[in-house]
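Letters are used for the chains, namely A, B, C and D, taken in the order the chains are written, and counting of residues starts over at 1 for each.
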Amino acid sequence: MFEFTTQLRVRYGETDQMGYVYYGNYAEFYEVARVEMLRTLGTSYKLMEESGVMMPVVELHCKYLKPALYDQIITIKVILDEMPRAGMRFKYMLYNEDNELINTGETLLVFVKMDTNKICFIPKELAAKLKPYFE
Amino acid sequence: MFEFTTQLRVRYGETDQMGYVYYGNYAEFYEVARVEMLRTLGTSYKLMEESGVMMPVVELHCKYLKPALYDQIITIKVILDEMPRAGMRFKYMLYNEDNELINTGETLLVFVKMDTNKICFIPKELAAKLKPYFE
Amino acid sequence: MFEFTTQLRVRYGETDQMGYVYYGNYAEFYEVARVEMLRTLGTSYKLMEESGVMMPVVELHCKYLKPALYDQIITIKVILDEMPRAGMRFKYMLYNEDNELINTGETLLVFVKMDTNKICFIPKELAAKLKPYFE
Amino acid sequence: MFEFTTQLRVRYGETDQMGYVYYGNYAEFYEVARVEMLRTLGTSYKLMEESGVMMPVVELHCKYLKPALYDQIITIKVILDEMPRAGMRFKYMLYNEDNELINTGETLLVFVKMDTNKICFIPKELAAKLKPYFE
């Protein structure tokens, strides 16, 4: 199991006229969190694309428990609870400044070789970096 | 059961560097589709908010089967397959110009009275407009 | 001079907590309008990219006179008042449903050959389509 | 004169299929920068709205000199070079990781009393915080 936590601040443009973060913007919050998680592992999504592997999202699930509000610092916990093979399932738990759980999410991403556009296994270096957490 | 179909064209700003529609933007596509569905029923989400009821999204689920691409006309079928009570569950099926199913989604929205900020039942007028489809 | 008019409806996700369309979203409205203008001429921005020429924006100017609001149909007039050469200057005038001018804008785009990444002149076919309007 | 510098990292969802940050997203970058500037002064835009004054943008100008790319850390310098009265003019200079100037911008915002929806002068506390920089 691998856990990682990061934070971001809600931008004005991310709210809607309800005064809440628009429900579609959580996908970008998740993206920020999983990208920072990869960086912590000593790699990056950018490097992965440069090496010819991209990771399109094939599933997204969100539960909105409480609204995220303008200017709040949102804490995002990302959890990998299985060793990725052809796909990588990230789970997210979002907390507001009062440490209330406001949102939970899940995304499934697959590895795709950019030259053939075919699904592939997790790149070896990434697998090597993750392995210690799943033994 | 109530079904409705609408179309939209993918904007450049909705793509990302993968050349696909960014996965977070489908939430807005779903929004466009359910809003147009309400309009077809002879009401509108805007009217509902003006009458003091808002509909925050509490759940979102998406499956990405094939990418949506820049400038494509996407056909969105919205399906209501149960009569809404305290919540309204919309299902979405998105098709590209070759009539391929590229994305399926589901959102659960609840009715909230804006003055008390409490969950409430479906407004009577909306219920009246939907009832014939569920008899 | 070439003038073209199109319409779009404001999405919920485009508003912010002020209840107005977020000021950054007008850029996408302008994009929709100029893309539809090109289509009217019998070409498309997509075709242009496929032929190896892209059009990055190098300048953007907006004046916000009145807010655009959720669910409003916005009418966008696009004006080309000079024959494009190495760049293409679009002017925009946005009107709300009461026919009030709510926003004016201007963008300067340049033609860039995608293989060399160098600025180039307007592609011949586009020039041919535009010429009649500037004689 | 008051100068302030902040940084942000480009998100995947902010790029478009050209591989650049979409031109409309710079407006949100500017927003992040001016909001952080206000925070440095010991106030915040959120507090200002809570005290009944909002700041809609009335003008936006951007020049795009070089593209901002995915995952880059962008440094944003915000400059106030005149003491605000009824409006507040922010200037922006954006730099990439090679310290190249990639974008310059300007926004004019006005102060609006939210109860009357009328333009007003700069709130006294904000004026007091800014005054030392313009003497």
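Assume a residue touches a chain if its C-beta (ideal position, glycine included) is under 8 Å from a C-beta of that chain, and two chains touch if they have at least 3 such contacts.
Just so it is clear, the structure is predicted and the values come from calculations on it, not from any experiment.
**Q** Given the pairs A-D, A-B or A-C, which one repeats the contacts seen at B-C for over half of the pairs?
**A** That would be A-D, since it shares over half of the contact pairs of B-C.
**Q** Going by average Cα coordinates, which chain is farthest removed from chain C?
**A** That would be chain A.
**Q** How big is the gap, in whole Å, between where the Cα atoms of chain B centre and where those of chain D centre?
**A** One centre to the other, that is 34 Å.
**Q** Once you find the CA centre of chain C and the CA centre of chain D, what distance in Å lies between them?
**A** That pair's centroid distance is 24 Å.
**Q** From the mean C-alpha coordinate of chain A to that of chain D, what's the distance rounded to whole Å?
**A** Whole-Å distance between the two chain centres: 28.
**Q** Which parts of chain B, given as residue numbers and ranges, touch two or more other chains?
**A** 12-13, 18, 22, 24-25, 27-28, 31, 70
**Q** Would you mind writing out the residues of chain D in touch with chain A in their complex?
**A** Touch residues, chain D against chain A: 11-13, 27-28, 31-32, 35, 44-46, 70-71.
**Q** Give every residue of chain B touching chain A within the complex, in rising order.
**A** Spelled out, the residues of chain B in touch with chain A are 18, 20, 22-28, 31, 54, 56-64, 67, 107.
**Q** Would you mind writing out the residues of chain D in touch with chain B in their complex?
**A** My answer: residues 12-13, 15-19, 22, 24-25, 70.
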